[in-house]
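Two complexes, one shared chain (chain A), two partners (chain B, chain C).
Entry: the complex of A and B
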């Protein structure tokens, strides 16, 4: 009786699996056929539409409205893809014309409607940023602060649309909560917002940096390393505190900030180089060696030479490399323990191309 | 106790094991489908910034261990140099080749020898010579033979780049694959420590200058069975395992790692024949023991193409090596099994590989012996067995077809519906003899492991590049 019941169950299971498998196979085949047909058709339409865009893009009057009026729904769909791809690549007059074309397609209006309705928000922010289409700050703060990705999208939109308060508001959107670290897109946006003109980061770091997640602080310092800043050197008075931070990554990133912005005399006076050279973390010391090489003074050369006594071979190599880049230092005599390092650095420099370690980015990715 | 009484619990053991294995596979493929569905639903929106113009894109060292790769090395490096990524260098590690690999490289690129001994030691055979190209970002390290893991270690400890990508010299990497595989690092720079891409079968496809011109099935049914398997295990399976945070293998043919993380654990192990799995398991273990947040992710859109074995002999050697490596790694990290301290990896990931991937074929192989014996002794419940077999074949086919379905739903490299129909056919066909042969190979690998065999199992390559 039990055996019969088990066999019945097995039979039902086998039949069910066979049915599900057969349906899956049929659906798979049908999808494959459908995709093949649509892919070919789509590719043809996209090629045609792309050709149409480029025929008109360089005309004095592209006549977008009339052209779009004659396109089918499928052609318009492909046109949107072509526009998006080329908005990311083109600049100048061609970009402006594509922007007009996007307007004729109703992309700006649709993206704003999506933002308003909370639909596909990152997609909408991306379109608006690509088009440099302004949106009220209050609207962005209302609808785009839910996730880190949305905040980065909103900040990018502020930058791309040239909002007058973009730097301050965008920076707050990105790092206001001091929480989780940024994506590479977030870092890039923070950099664009703070590069050149206003640098709100210089106010935010001393005010809030102490409360931030250490990993975020590393990213922010790395961003600052790349920004051109015009503020007076007093704005960097917080740097010695960052150099004493518990996290070696933060200390390394702070060294990067000094390397870029610390050429001004007062900044150099705030720093205790001996203490930096005694940092317990080798990666921080490697960055300090690069920093000293960039200063190019007799004093910095003397400090570098002190590093030649390091126990670790990798560190000795870092010091010798830094000395080779120092404009006022010569390489030590290739004798004793230093011989292989000096010979290697000289020979390596002689063959030319060597990919240098990029400042700060290593700290941010470590 | 008579044989019949003994066979009854044995039978139930097999049934329970069968349910465990197939339930696990269904869970993994279900997770894969959910992931794919979510990705399709959300659509992919690339953030509005230019990677080529951003100072915050991490540099990558593409490390190519090369042992006797003379026929392919120059074209392979040339194609690697044309990958789409703003900041990378190619580091070829010539692992004591005896076929003129280094000479081919010197002939193809303007390499200049650094006329001094490299002063640092790495956990590898000593680097004897370093060559740099004058016009492209290419470094060649020449060292004594120490095996693939040893060659990778030489590159990992040589480079200054924050990320490194381990690739096989004979693998064809799609131009956009590096950008794709780095995306999880860009999204989550703080946590991601390793990502892996999809390995697809190159046999039968047409390539020119390392670009895929046409994707086709091969003329060999043995190759096509492997294509089917790759879709099921290396595409759908890995999407699912990644989704449930249990991805323990990043293919040695193409994986991206955080350099510091790998250095922290001492680099690749030279004591295992599947260094690609061992290093990922060790990374999991290291980060979990240190209670550090991390992620290992699979990126299905990052695609590389590899030539698979075309003969039973070379396939058998490859598979028995994979099996030995799997068991070695699990033995090495047995402390993780079932331990809550290791989170989902200890509770789901490692047990999945142990019970499903490692013990599964062994139990299956035992079944292939016990069933005929029971039949001969008149102890086999034939109706039950036939129904059980039907369920097994049905589930095996379903799992394979789920792999094909995932391919058609989201990736569609095989455009021709006839290829898809053929793949579905191979999904059914693999239940006959191929599956049984794989269980036999697993047993063979198990025996080799017990004997301490550490052979690699070379494969004769026929080449996939189109002639001009």
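Entry: the complex of A and C
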């Protein structure tokens, strides 16, 4: 009797599990089909809308208002996505026409309202930056300094809207976050703000760099390495201090700055190359070899040749590689100990392998 | 005048924009989403090469610079004008592009109207 009851209960449990599984499976399949259908429908709408944009975008008078007046809600939603995607990629006449289209869709006004009300702030900043729509600095400082993301969004807006103080204010927004490291978006924005023209970073590093997190310092130096600097060389007088920093990542990033901007005679005079070549960290020394290659002087070639006597094979390979890039040096004779290194570098060059060093970035993001 | 233009970019939106803009000029446009397909097409059309090639620098498979190199190394294609589309801040791509024989370049974000003007400038 008891066995029969247990058997019945087990059968009921099994039947229930099977029923629930079947129902869940059916619901999952139905939802998947619904999602697929929605995605296809959305894609069809987007293609249709994009086609409509292209038909008008290259016309002197696109007639946006009349066109969007006849669009459904779903089409308008997809149109906003299409406008956003194209604003990111286009400039010139077509960009200006897309901007007008965004105005017809009420995007600028909506973004400004959102910013004012503190709603969807990052989204609003993104739209305003894409549209190059200026917003008062005081407003941005008031509403957008709460998080790293908002600071970067506000700084990007200052850059994109061409604000006269954009470089200085935007740089302060980005690096004024308690010395904490930047996001990739923040780094990119910092580069844009400091590239060419004003380079406020050159003032901020000696003033505040000592208080920053090492990762931020590496990021800032990395950005500076890629910026075109029009300021006088004296603005780089702080570099020797960075070259003596405790962190090897910071030292390597500072070497990167010198590699890019050290073509100016005064900068080269401030650098103690012998000291750099004696750095205890191999990766810093490898970067110094690349630095010497980029300087391209007879003296830098002589320093590199001295490095061929290094005990460590990886070090010798780094020196041979640097010599291959040096405009006034030739590769050493491929004899004796140097033979495999020279062959390696020649084989690398033969297949056109590009060995781009991104100074300090790995360290900064790790 | 109808020109035949070959364009390659892995960004669908840029590809479509270039295609639409150049087609609106009455030109024939053949576009590809990677360098390998683009090169295969160019190689197969060596007997009747296109008038101009527009290449994105950063593409999967073969990069724009590699396709450019192959074009310049191929006797029947070597004289085709090649315009590069490069990203802002990648000055080294511009330098390397000119080293390999690029005719001109445009920086992304780019102006389709300017692209047309640059192509016309090379062909007319």
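Just so we're on the same page, the second predicted complex is superposed on the first by the 307 of 366 C-alpha atoms of A that agree within 3 Å, B and C clash if a C-alpha of one lies under 4 Å from a C-alpha of the other, contacts with A are read in each partner's own complex, and residues count from 1 in each chain.
By our rule, a contact is a pair of C-beta atoms (placed from the backbone, for glycine too) under 8 Å apart; a residue touches a chain by one contact, two chains touch by 3 or more.
Computed from a predicted structure; not experimentally measured.
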| item | value |
| --- | --- |
| Partner touching more residues of chain A, whether chain B or chain C | B |
| Chain B versus chain C as contact partner of A:121, first or second or both or neither | neither |
| Touched partner set for A:54, first chain B, second chain C, both or neither | second |
| Contacts of A:17 with chain B and chain C, given as first, second, both or neither | first |
| Which superposed partner A:226 touches (first chain B, second chain C, both, neither) | both |
| Contacts of A:39 with chain B and chain C, given as first, second, both or neither | first |
| Partner chain(s) touched by A:191 [first = chain B, second = chain C, both, neither] | both |
| Touched partner set for A:92, first chain B, second chain C, both or neither | second |
| Intersection of the chain A residues that touch chain B with those that touch chain C | 88, 191, 226, 352 |
| Residues of chain A that touch chain B when the two form their complex | 3, 6-7, 10-11, 13-14, 17-18, 20-21, 24-25, 27-29, 31-33, 35-36, 39, 88, 120, 122-123, 126, 129-130, 152-153, 156, 160, 180-185, 187-189, 191, 215, 219, 222-223, 226, 313-314, 317, 340-341, 343-344, 346-348, 350-358, 361-362, 364-366 |
| Chain A residues within the chain C interface of the complex | 50, 54, 57-58, 85-86, 88-95, 191, 195, 226, 352 |
| In the complex with chain A, residue positions of chain B that touch it | 43, 45-50, 54-59, 87, 89, 112-121, 130, 132-135, 137, 160-163, 185-190, 258, 260, 381, 383-384, 387-388, 390-391, 394-395, 397-398, 401-402, 404-405, 408-409, 412, 414-417, 420-421, 424 |
| Residues of chain C defined as touching chain A within the complex | 11, 13-14, 16-17, 20-21, 24, 66, 69, 89, 108-114 |
